[in-house]
Amino acid sequence: MSETVEKIKVTIDGNTIEVLPGTTILNAARMVGENLVPPPAMCYYSSLNGSGGKCRTCLVEVSKGSEKDPRPMPKLVASCSTQVMDGMEVKNNTSDKALEARKGVVEFLLLNHPLDCPICDQAGECHLQDLAFEHGLAHTRYEFKRREFDKVDIGEYIKLHMTRCILCYRCVYTANQLTNQREHGILNRGDAAEISTFIEKNLDNEFIGNVIDVCPVGALTDKTFRFKSRVWFTNPMDATCECSKCSGEAVVWMVGNDIARVTARKDKFGEVKNFICNDCRFNKKELTDWNITGPRHISRDSVISANHYEAPIPSHTILLNNA
Amino acid sequence: MEQTKIEFPPHILEEVNRVIQMFPQDKQKSAVIRVLHIAQAQFGWLSTDVMDYVARLLHLNPIEVYEVATFYSMYDTKQVGKVKLEVCRTGPCMIEGAEKIVSYIEKKLNIKDGETTPDGIFTLKSVECLGACGYAPMLQAGEAYHEHLTEQKVDELIEMYSKNNSSVNYMGQ
Amino acid sequence: MSRKLLLQNDHIEGIQSYDVYRKNGGYQSVEKALKQMSPEAVLEEVKKSGLRGRGGAGFPTGMKWSFLAKPDGVPRHLLCNADESEPGTFKDRYLMEKIPHLLIEGMILSSFALGANSSYIYIRGEYMFVLRILEKAIQEAYNNGWLGKNILGSGYDLDLVVTPGAGAYICGEETALIESLEGNRGNPRMKPPFPAVKGLWQRPTVVNNVETIAAVVPIINHGGEAYASIGIDRSTGTKLISASGNINKPGVYEIEMGITVEEFIYGDQYCGGIKNGKKIKACVPGGSSVPILPHYLICKTASGADRLMTYESLADGGFATGSMLGSGGFIVYDEDQCIVRNTWNFARFYHHESCGQCSPCREGTGWMEKVLHRIENGHGKMSDIDLLWEIQSKIEGNTICPLGDAAAWPVAAAIRHFREEFEWHVNEPVLSQTRNFGLVTEKILNPA
């Protein structure tokens, strides 16, 4: 196709940017760069078809619909699933209405969340934790019993802790789009909805481990890493390996000289671009399995960066290593 | 408990095929909702085996059937009685005394809302609006609507269904 | 006497059957349309009629039809929304049960106008007995050449199928209905794309309520202008109202748009007044989702004008002092009814029916139910009332589909108009358990 597609203009919080038609407000905001903190996204995942629109954390105010029809949109819109129009003006962090609504959404998301961060493996890299810190209230107004589910093992390597789930559906899309047969899904409805296999079934597929990486909270965790270390005590390193199933490009999270866990590489919006196979993720835990290429860049705001290279190595680990 | 073989008899299979053919050729997933009704009528409730059977019939992943079966409130994924007495409890029915009807049935059958009688005949369940607001209070048993309920009418219904309950929940075909 | 366009023959013995229906003028509109009119001409009549969607939103039907995308070689579909589940609404069931062929006749006309060759009636699963009536009628229509190939030699083909849901209010939302028809969970879709562009199986689709489709029959028989001559303002034609609650004659009534609310409640040919000589306390005029009106805003608007049974008049005053015609589910409450209890009951309904896809509705509806339950049972705190207001305001407008709004509005309106009653529940936890509402009602009926 030789014809050039004409770009369209959108202004977000005063930053004007030109994007291709069909771009969503959220992706346009992500393209702006350093001057703009894009809307938070708990369910949208750019590489997963059909994701987005559900969590409502990315609500923004459209103060001008387009050059052609400048009327503002009557309601806040989900920026992850609303496409920009030429001349559109969007208020993201400059809209009191949107910030107020997001605060509401955070409260809703935390309503039934156990707030068990001190014992949750996701703590430190949890998007809900970040979201609550940036947009939430300091206390909860919910005084009723929280929803609870039993923890279940779904397969040899994955723990499902449904109580923490925010029903973003990402793991379902992942299984649909990355594996050849989906075994788990959303069961029941309303606030009784849950991620489940219905009958305790193993999620057994070469790429199913990626559900752990796409999970924004600690609902799906890596059993080979459970309770081994807090993430902020680990040293994440970029590493590669020869793999016939996937790119072999991963991050190995080191505790001392041990590989505590392996994950795919996430971009600055927390999204995996190259998914990795189960073999790389769960079975390659020896230094000899990997070619370490350098330290993984982690955002300076993250607690993982806070005591990055000075992480105290638990004494028992040193002992074991020296043994 | 006697074990029913999870397989539709030929005349039901014929009905299932009629339902499948209501939709374009590659869209047979559309038939799942009605086929699940038929299956529930045939086997009493939707056990995992029943749902797996439906999945095979429609060439679906079992999880796709579980997802649907657990979403809709008419499906029972746990065993229920032969006759489900579903009393509407919403708005207009409430003003017209639905709660009294529920507690009357509870007392009469000596079960609580949501429970099944020990003989496995009746299950009592209060449900949301059934679209009979002008004829309240009401209950649904199988496919039948019973409206303008009174205690006397409930007595009669329970007596009737105690005697004849073989095909009450027969739905979907 | 009000003119009737839909239910004029509902009293005729055997009108359910094809022969009787046909003898009483049935299917004449199809003859007229297929022999004398083009699809565009049918659409033009519907536009002229001013017909608006009868499912609740009141969107102009002709306009909705004209949005339908018509890409070459892609089939289009008409879906009839017979998932009637809005508490207080039972008119579609009445119409389908009594005069099934009227819906089929309307489906043929509408499908013809839209160029759809396969159409579906999606009916709530609990109405299985109505589905059987429709299936029988559809078979009769096939047998008599009104459905199938080359109808009346016009070259127009139409297949019509009726298919059930299985218990989910949310499937009355048009994209949830489409999902359900595709055999999925009834989760509403993100819009855009709208069904008119990508609907059933990603094909252009129109979804219309039962009554809307049935109304196309008199529009074609008498002409769009004749239809539009009935009614007031942008509320044209007749409307089916489902009347329930504490009235003498609950049931389904066909009214001419524009009669007064007072006539509807107290007139002998309609509700026949409040039961047992009681006073009216409140009214929900358009199904459980619409704001409840206190007694002094039912028959008169805030400005003192007569309140009429029209889209505009019922909405007069906005949410501050008005409500909505909605689906026409007209629920009347007498002085003995407890508004807190009713609000809790509705909140429980929306909690039960939330699909759980988006967080404000999934979490907020349950929270509202719990807080209302606490107040209703004498364990409430004064701050709960403001908390409820906060929760509903955080749900409204922030969800994927209108169920969030539908759950928020009844709570907001109850607090707006009946705050005293909520406070009374908090202040008098024991007394309020006696359900003796005389005291509060008197206060509300005669504000100082």
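Per-chain numbering from 1; labels A, B and C assigned in written order.
Basically, contacts are C-beta pairs under 8 Å (C-beta built on N, C-alpha and C of every residue); 3 or more make two chains touch, one makes a residue touch a chain.
These figures come from a predicted structure and were not determined experimentally.
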Select, from all pairs of chains, the pair with the highest number of C-beta pairs in contact. B-C
Most centrally placed chain, judged by C-alpha centres: C
What is the distance in Å between the mean C-alpha positions of chain B and chain C? 25
Cα centroid separation between chain A and chain B, in whole Å? 40
Multi-chain contact residues (two or more partners), chain B: 67, 71
Could you tell me which residues belong to chain A and also touch two or more other chains? 186, 188-189
Two or more other chains touching the same residue: where does that happen in chain C? 168, 185, 352-353, 355
Which residues of chain B touch chain C in the complex? 22-24, 27-34, 36-37, 67-68, 71-75, 89-92, 94-96, 127-136, 140, 143-145, 171-172
Touching chain B in the complex, chain C uses residues 84-90, 92-93, 118, 124-129, 161, 163-169, 180-186, 201, 242-246, 250-252, 284, 288, 329, 331, 333, 337, 341-342, 345-346, 349, 352-353, 355
Please give the residue numbers of chain A that touch chain B in the complex, ascending. 181-189, 197-199
Partner chain A, residues of chain C touching it in the complex: 168, 185, 190, 192, 351-360, 362-367, 370, 387, 393-395, 397-400
For the complex, give me every residue of chain A touching chain C. 52-56, 59, 75-76, 78, 81, 83, 101, 104-105, 107-109, 111-112, 141-142, 144, 166-167, 169, 186, 188-193
